[in-house]
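Across the two complexes that follow, chain A remains constant while its partner is chain B and subsequently chain C.
And now, the complex of A and B:
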């Protein structure tokens, strides 16, 4: 029974983390700027299901709104970065600009949590919505919803990228910004739609999080470590690698903690550190991540053939 | 005092980023390490030296132990100073090793991922600090000895003089490094690493040394901060306070110019103090005024990036003619 619970936790965590890691990588490769506000955008949206619950609505009804909220913040951030990039801002300046958004979101999250605690007597500084989830076939609803959201969003993204004109334009813009624009691609529009979509994914992942895990305003900072580790293990510039990295990090975090907890009961408190150790090992042993390793094997196969 | 601590942090950041071009967002890793060493080493060492009841645990019976140590150290200035020096020495050694070990994998990454790597390492250290109750007192924190208790009611003044003099020493060392040939080499690495490598400079080795040196300086800032606060709460060492604020100070002041970053630190510490002192002005807000601080930081950072990205006192380009004149003068003499 405990093993099933642990497996469920790892599974739900892997769905959420894969989505987050995929979004982070996609934003990185489109503008070549790591978005430091990414996890804050995602976890700001965790307050939407709580708000819906306060309004006596199902937390799941907040998912489309979380998509829109995450997308809107991400879109605004893109416009801000674009403006600075046009002014000739360096990479450091652009990363600092993402911190501007991170700080505002962090402050807003805490203000909202405090507002709920003071005025509605709801302790929003730390909460979990597991008790308000539905059950299906004896399993928690979040498992089906998170799996559905993960697979459908990845499928949708793949279809968008491979089968549509927009996807071709986006790939062209990512590969070579200037060349794509000289070929008539409206690069700005393509990238802003991509950032909106990715922000939406982050919002949905964040909104799903409190339905199984405990949430507080500092989760964003802690989860950033895990998202980063997933991206590094998967491969810094690989979208599908980061999805795989997310699954690996989620399972290793949960299962390593679970098996070690038989000997060291305190290990659960250090969960985030385990993913960081995985990232360090990956950087030393496999700097290109899993994606790089796979492409190396493929290249060798082609050479032999 | 806060200015002194932030001055040390921003100078170290300027050495890393302003001079060498290393993009480190995880400044609070060594600061936290320094604070943790201050929280755990001198108190335990004093307990051992004075043979205080072994049933008392420094972390779990912290207030009782601190009371006993206060009475002992108040009459033992020599031991107080030795404990202070040992704490600083251990911090220097640990931070140097940590800096070197961290730099090894970090420098394999591109600049942006190096920044993220450092940030994540610092956040991991914060998690370790918050959860390791026996070392840091966990979420409740731990009280720290004051090495100037022997000065009686002037102990705070004594500590203040020590913090100021340490800050001046660090300022002197950093300015000497920046004005030396090493400083010029660091700028060369910042401007074009490939060119520096092509003239036979081990850029990676130098970067590792600079990261290690910066870690030592930041670790000392952590020690001073812990002694000054009189307590260490690992959870309080956040990315906002100990990484983003120093970055803003450097950007506002002007990266690559030590006077500029000190000026930036002074302005921002003053603004923060004014905000805290005039808290009552914001009585009408339905939330704690403390959350306005990150918003203020964000607005200032955004405004600076938009309108004056080079800072108030930007780095001045030095003419080669000045160097030529100096060389000629020395040859004539």
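And now, the complex of A and C:
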């Protein structure tokens, strides 16, 4: 029974983390710039379910709007970065630009939280919506919704990537930006849509977050480290690898601590270190992450065959 | 002849004037004038809505007091927000100090005060915290003063409470930061001295904000304890700020075993966020908590009236302490007649010794913290379907007794 509870906790954590890691990886490979504002875009959308709750609506009703909001912010950031890139800004400069964007989003979150606190006496600088979740078969609703969101978004993305002309154009643009342009692909439009889609995924995962976790405006900055660790463990250039990385990090963080706590109760206070250790081990042992390792095994299998 | 008399009178008047100057004590006019800016560092963005009204009331009253005294002085305040970060708290403090601030209303959180204190000591700038209670910061002769009592007093109250409700076995869960750790150590010492069995504390990462796994470990300990103790003899003690306490409470929803024991906390009674985000589970487990609470007095009731008119709700204890902290800083500056950290530091304990504020008598101990505390005990109950804090008792540190309502 207790293991089932722990498993559920890790499962919900892994669904949300996988979505976040997948979005971060996709944004990275499309523009070759680590988007340091990514987690803030995701967590900015956590205020939508709270707002819906204030309006006496179900927090889950905010999910489509979170998709649109995350997508719109991400689209704006893409246009901003593209403009800077066209002006010849270096990679470091572009990374700095994402930090500036991150700070703006962070400030907006604080302003909104303060507005809610001052005017509506809703304490929004630190909140949790777990008390407003529904139950199904004795399990928290967030488990079903996060699983549904995770699988459906991954399926949708896979179909988009593999079965549509847009997906082919996108893969071409990611592989070789200039070559894709010369082949008639409107790279700018393709990447704009990709960033919108990824921002949408970030928005949905952000909106699901407060239904299981406690939220505050600086969660984005803190979670970024965990998201990055999931991407590194999964493979920084592999979308499906990052999903796997998210699952591994979430499960290892909770299960490793739980089993160690039988002998070392204090281990829980160092829970965040687990994801860091996993990332370091991955960098040393598998620089390409799990996805890279699987590819290598496949290649060896093909050579032997 | 007449000339001689005139000359004699003139000489006498001159001599008399100078002799008079030598014998009558000279009363100097106070030299301090102009605008005196006090610094304010909020611990988190949650604080200004409930802390700022208290600061504004105190500043207005102090300025009115200066006007009555005929002093050409006007107190103002410059506010910064540490956003829950120790690094940011230090940056904000350095920024205030760079602007010449000599007295700062320090953050309510001990972790943030701890980050600022070495710089304040080095730059000789007075800090007065209206909320820090960690015993680790009870340091004599430093630049930090605190209007609430430190947690060693709170631990005595908690120990008395644990005995009165019949607890024999306690599992402490604490936030791994100075406030939680300090209180955990003090409480453990006190429980042990009172003959209560204390399990090894479980520290949680205050930044994680999801504690399903941690609560599974606690549940494991509780199930084992059921073999030795009755349910009502087991206590789960949560020592953390409300930002950590809320996810701890909500995580308990998944563990029915934890809902059968006595769950309590030492510092968060009356906090509205607990009702807002963990109200249902808190009411289900009859979550009980302590809080530092001023005794009722005309001064306190007058402040409450002003505060409610400005903020629209009742003041939280730390708001009352912030009001007194501003008054203490201002009175110390007026007494020192110099806007200088070392002079304010010297004057402040003497001023506090004779100051009866909204939070009661503000006398400080040798570490610069409140000497005589009083605490209120409250529990979360459902009233007409809505969770509410209901006061159930009052603890007096002087007699070490609880008066139950």
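Everything below uses one rule, namely that the second predicted complex is superposed on the first by the 297 of 305 C-alpha atoms of A that agree within 3 Å, B and C clash if a C-alpha of one lies under 4 Å from a C-alpha of the other, contacts with A are read in each partner's own complex, and residues count from 1 in each chain.
Everything below uses one rule, namely that contacts are C-beta pairs under 8 Å (C-beta built on N, C-alpha and C of every residue); 3 or more make two chains touch, one makes a residue touch a chain.
Here the structure is a predicted model, which is why all the values come from computation and not from measurement.
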Fit-or-clash call for chain B and chain C when the two complexes are aligned on chain A: clash
Partner chain in contact with A:214 - chain B first, chain C second, else both or neither: second
Chain B versus chain C as contact partner of A:20, first or second or both or neither: neither
Partner chain in contact with A:5 - chain B first, chain C second, else both or neither: second
Contacts of A:287 with chain B and chain C, given as first, second, both or neither: first
First (chain B), second (chain C), both or neither touched by A:107: first
Partner chain(s) touched by A:89 [first = chain B, second = chain C, both, neither]: first
Partner chain(s) touched by A:170 [first = chain B, second = chain C, both, neither]: neither
Which of chain B and chain C A:272 touches, first, second, both or neither: both
First, second, both or neither for A:250, with chain B first and chain C second: neither
Clash-bearing segment of chain C, relative to chain B, as chosen among 19-27, 109-117 or 289-297: 109-117
Shared chain A contacts, counted only where both chain B and chain C touch the same residue: 110, 114, 118, 222, 266, 269-270, 272
Sites on chain A touched by chain B in the complex: 32-34, 36, 80, 83-84, 87, 89, 91-93, 95-97, 99-101, 103-104, 106-107, 110-111, 114-115, 118-119, 221-222, 224-225, 228-229, 232, 236, 266, 269-270, 272-273, 276, 279-280, 283-284, 287
Contact set on chain A toward chain C in their complex: 2, 5-6, 8-10, 13, 110, 113-114, 117-118, 121-123, 125-131, 140, 212-219, 222, 254, 257-258, 261-262, 265-266, 268-272
Contacting residues of chain C [partner chain A, same complex]: 44-46, 48-49, 83-85, 176, 200-205, 207-210, 212-214, 216-217, 219-220, 242-243, 246-247, 250, 253-255, 272-273, 276-281, 312-313
In the complex, chain B residues that touch chain A: 17, 23, 25, 104-105, 108-113, 115-117, 119-121, 123-124, 127-128, 131, 238-240, 244, 247, 251, 286-288, 291-295, 297-298, 301-302, 305-306, 309
